[in-house]
Amino acid sequence: MGLMNGLDPRSLVLRMPGGNVLISSLDAAINASRSNSLWTLTFGLACCAIEMMAAGASTYDWARFGFEVPSASPRRADMMIVAGTVVRKMVPIIRTLYQQMPDPKYVVAMGGCAISGGPYVYDSYTIVRGVEEIVPVDIYIPGCPPRPEALLDGLIKLQERIRGQSVRTAPAGQA
Amino acid sequence: MGHFLYDLFYRTDVLLDAWRTAAHQSWAMRGWPVVILDVLFQLGWAAAAAVFLAVNALFIIWFERKLAARIQIRRGPNRVGPWGILQTLADTGKMLIKEDIIPDAADRGVFKAAPLMVLASTFLLFVVLPFGRGLVPADLNVGLLYFLAIGGLSVIGILAGGWASNNKYSLMGGMRSAAQIVSYEVPAVLTVLSIALLAGSLKLGDIVRAQPAFGYILLQPVGFLLFLTASNAEINRGPFDLPESDSELVSGFVTEYSAMRFAIFFLAEYTNLFLAGAFAATLFLGGWRGPLLPPVAWFLIKSYFVVFLLIWIRWTFPRLRVDHLMAFSWKVLLPLALANLFITAVLVKVL
Amino acid sequence: MRNVTFGNRDKMPPTARGTVPAATVVQPLPSASATSDEFLLNIGPQHPATHGVLRVVVTMDGEVVKDIVPHIGYVHRGLEKLFENRTYEQIIPFTDRTDYLSAIANNFAYVRGVEMLLGLEVPRKVEYMRVLMAELNRIASHLLWLAAYGLDMGAFTPFLYAFRDREEIVAMIEEASGGRLTTNYFRVGGFVHDLPKDFFARLRKFLARFGKALNELDTLLVENAIFVARTRGVGVIGKERAVSYGMTGPCLRASNAAFDVRRDMPYSIYPSLEFEIPVGRNGDTWDRSWVRIEEMRQSLAILRQAMEGFPEGEHRARAPRNIEPPAGEVYSAVEGPRGEIGFYIVSDGTRKPYRVKMRKPSFSNFSALPEILRGLKIADLVAVMGSLDLVVPEIDR
Amino acid sequence: MRAEEALAALRKRFPGVETRPVDPAPGVTVPPQSLREHLVFLRDELAFDFLVFVTALDRPSEGALELVYRLFSHETRVSVVVRVRCPRDGARVPTVSDIFRTAEWHERETAELFGIVFTDHPDPRRLLLPDDLDGYPLRKDFTHPNLIRLPEAR
């Protein structure tokens, strides 16, 4: 890393003959790894957590897609599924957890509460109206709570988005 | 050609010896120092062991996932590659390119060294592991002792990792692990001693050769169970997986580890699983010996069978409590192992 | 190729609605003076053993728990305030979401309270349907407890077995109500719609199969030697203390106190049904587990009786369109899977309640945790907390 | 023992208390200073061993807060409601958390939601609310920037 300070290796690679091919195949390999191995942070807040558990259980078995390892430590999580109601007392904790996760990290807002505050938008003095006010969200899965199929569908959509990534367009140092 | 293949698979020791002698002669004829050749030979072994270690871990993790899924009436990974066999590869690839976090409060040097210490202790065990007749980097005279001594080394890495993370959960995980490995080392040693008594040697090759066709398991059924339990506890797997128990200590000593450093711990853990199976196979199931199939195949079949047993156990039982775990070792396993050793000694003397 | 960059952003999005406080240190630790031998361990709010977002701060002397301070409120949504600005019918879906594992029991308690305020009699068939649903819900909830408790104890497999059976119940409830978890099935005076045609066929099939599956789960977890060693004699709370702490449900019954709302404050058709109330002997963690397993068996018996005596009739009484109960107050309690679920409703004669107080079992059960845990080993914490079967939004409301 | 008998015994023990039947439980209103002796009497003499909940009602028109203690007896299976009225400003009520352990948390909750001080409470910290929240949410005149009222349907 030290050698590369201030120098973006990507521009060098692209100037090489066949650099494009190299980058494309690199992209393919990286994206295949990332998209097929999304470990989740075990982070259930409310009702949606139960459907998240159901998605992990036999009937729906999200291990099939590589979401197998529910990681209790944010250090090993790739995505945070915010499953449930976020209230103001929880805000600093969610922010800390997000910052503790290593890059690249993804956030899935599961259910109405995480998207917008859900049924508690009005008349609740503690609600946070959508987790996007705290952390950047990649995928929204509507429902109250969403069915496990909906969760799986959302996660597969996330995989598709990851497959569209390229080191070429990623910010320097974060590819 | 067929002759060569036969030699390669069934008489590997003869082939290797012949090859080594020939190489030695030719180096000596040219006046080159033979020491370099020996070093090269050992480096070759090391490379082979490293490749095996990686491939084996990839396979064993997939195997465990699929088997666990089978036990739990679900499918397990099936999207990456046929039957999801490349799932582990995807996981490894992802961890390689993930951000590597070292907490601010951590002891950086120790934090970085800890995973390597654990991996090194596992890697070193391959030195004495006989994969087949003569297929062993160094069949030491004190092979059994070496296995016990080096096998206990991983505790240093675990303790270092737990301490360096500067996290209470990590520290508690590390401490538990240290206590656990040290306590279960004792019954393991005593059990292995009775094998040494029977075989009359500490050399693993000799122990395999000394076994009757059915292995020592029939002479030492209690010993086998003791060894299986103790080694299961030593590799920190369920139901003895307290150092990294999810529900109590988040992830124990690996709580603060991310990306590749965690992957190394993971690699070491699954290599240890294989080694537990391999040594159980070597000491109790007759190692590489068996009819028809080549020795290597027999060795792998037996090892993976024990691994299968360990996985089965892990996915069936709840976790022990930490004091029960200690009590189990000192109050149950140790007296049993002592009694087993005593009876073995008497029988060996009498018969 | 789409050029998407995402997931790598560390910069915060502009806070559009500007209501979120800046990132601060999590609530400071309590000023418990830790001497050199003691140390504080903070568990939660994000910790696998807390089943949601609880936080407990444990003062430990070596491995022994000296003191334990629970912190709650991480899912406090201010529901009781919210209820004051909703009409009676609009409140029903919110009662689901206070305790999503026993949505039906919550519906039941609330709807019954409103009916009591109105002085409304419901048809016999409705009562039977309510009991059927409530008991199915109880089994589903206990199964989920078993699954989660298995995880706590380090056994992953019972989790999946329990979920397999739970899915079957959930499918039945879904077919009837349209929702898997948060069913919103009850209405004042009855149900939103009738039971589906093949409901009883499915129920019969389930009843025939589940008894065996339950025995299997029992053997796999609750009667496992390791499990028994970890739970028996651990986390004991006596009858007197349990009552004083307001514990209800299986947690109280494990302490040898035979109190069950279904029998002692009878409602619906429970007086006409025959079932036993399993009671533990010692009030320890194992008893709490055993009571739940036994309760599932009793629920099966209730389901069978309710199915046999199921009458014909309307699925909804003739309730007024606008619910405007006369001024007054009422307390309606039902036996939920975790204990006494009560709704204290005060009406001032308008379409919206003056005050709704929810009395939730987990709140009281959890408040006894320091009492149960003091003096135990830290390793028991998980076993004890899991055995209380906490649902966090129910504690916080 | 039936509910009426319990109530009669209560009336006998504390002459002058106002008793009124509330469906389905009978109720009794007591002044704050004698709350504790009433509860001790109910618990020890009449076997009301179970405090179901503690809560309060805000009556701004009367300038009063009304505390509600609901008791249940496992022995006789009878409920009774004890009420305490106190002024909205500077409401002070003695704690009963040593009589019924469960009251500790219920009182903490009521205190922060209604702004009632429970004197001699062993642990008077906040329970549910974040530390930076001002006001008492369950009072009728509570306002908060984060509290957006549901628009009235037209």
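Quick notes on this structure:
Going in written order, the chains are labelled A, B, C and D, and every chain counts its residues from 1.
The criterion applied here is as follows: contacts are C-beta pairs under 8 Å (C-beta built on N, C-alpha and C of every residue); 3 or more make two chains touch, one makes a residue touch a chain.
Bear in mind that the values here come from a model prediction, so they are computed numbers and not experimental data.
When the C-beta contacts at C-D and at A-C are tallied, the pair with the greater total is A-C. On a Cα centroid basis, the chain most remote from chain A in this structure is D. If each chain is reduced to the centroid of its CA atoms, chain C and chain D end up 24 Å from each other. Between the Cα centres of chain A and chain C there is a gap of 30 Å. Mean C-alpha position of chain A lies 35 Å from that of chain B.
Chain B and chain D have CA centres that are 64 Å apart. Taken residue by residue, chain A touches two or more other chains at 57-58, 72, 88-89, 103-104, 122-127, whereas all remaining positions touch fewer. Of all residues in chain C, those touching 2 or more other chains are 19, 21, 27, 47-48, 73, 76, 78, 81, 84-86, 160, 164, listed in ascending order. Multi-chain contact residues of chain D (touching two or more other chains) are listed as 129-130, 137, 142, 146-147, 149-150. Arrangement of the chains shown, judged by which pairs touch: an irregular graph that fits none of the line, ring, star or complete shapes. Across the assembly, chains come into contact as A-B, A-C, A-D, B-C, C-D. Across the complex, chain A is touched by residues 65, 69, 72-80, 84, 87, 89-101, 246, 250-251, 254-259, 262 of chain B. Put simply, chain A touches chain C in their complex at residues 41-47, 49-51, 53-54, 57-59, 72, 74, 84-85, 87-93, 95-97, 99, 103-106, 119-120, 122-129, 132-136, 138, 144-145, 147, 161-162, 164-166, 168-171, 174.
Note for the complex: chain B touches chain C at residues 68, 71-74, 168, 238-239, 241, 245-248, 250, 315-324. Residues 88-89, 121-127 of chain A touch chain D in their complex. In the complex of the two chains, the chain D residues touching chain A come out as 129-130, 133, 137, 142, 144, 146-151.
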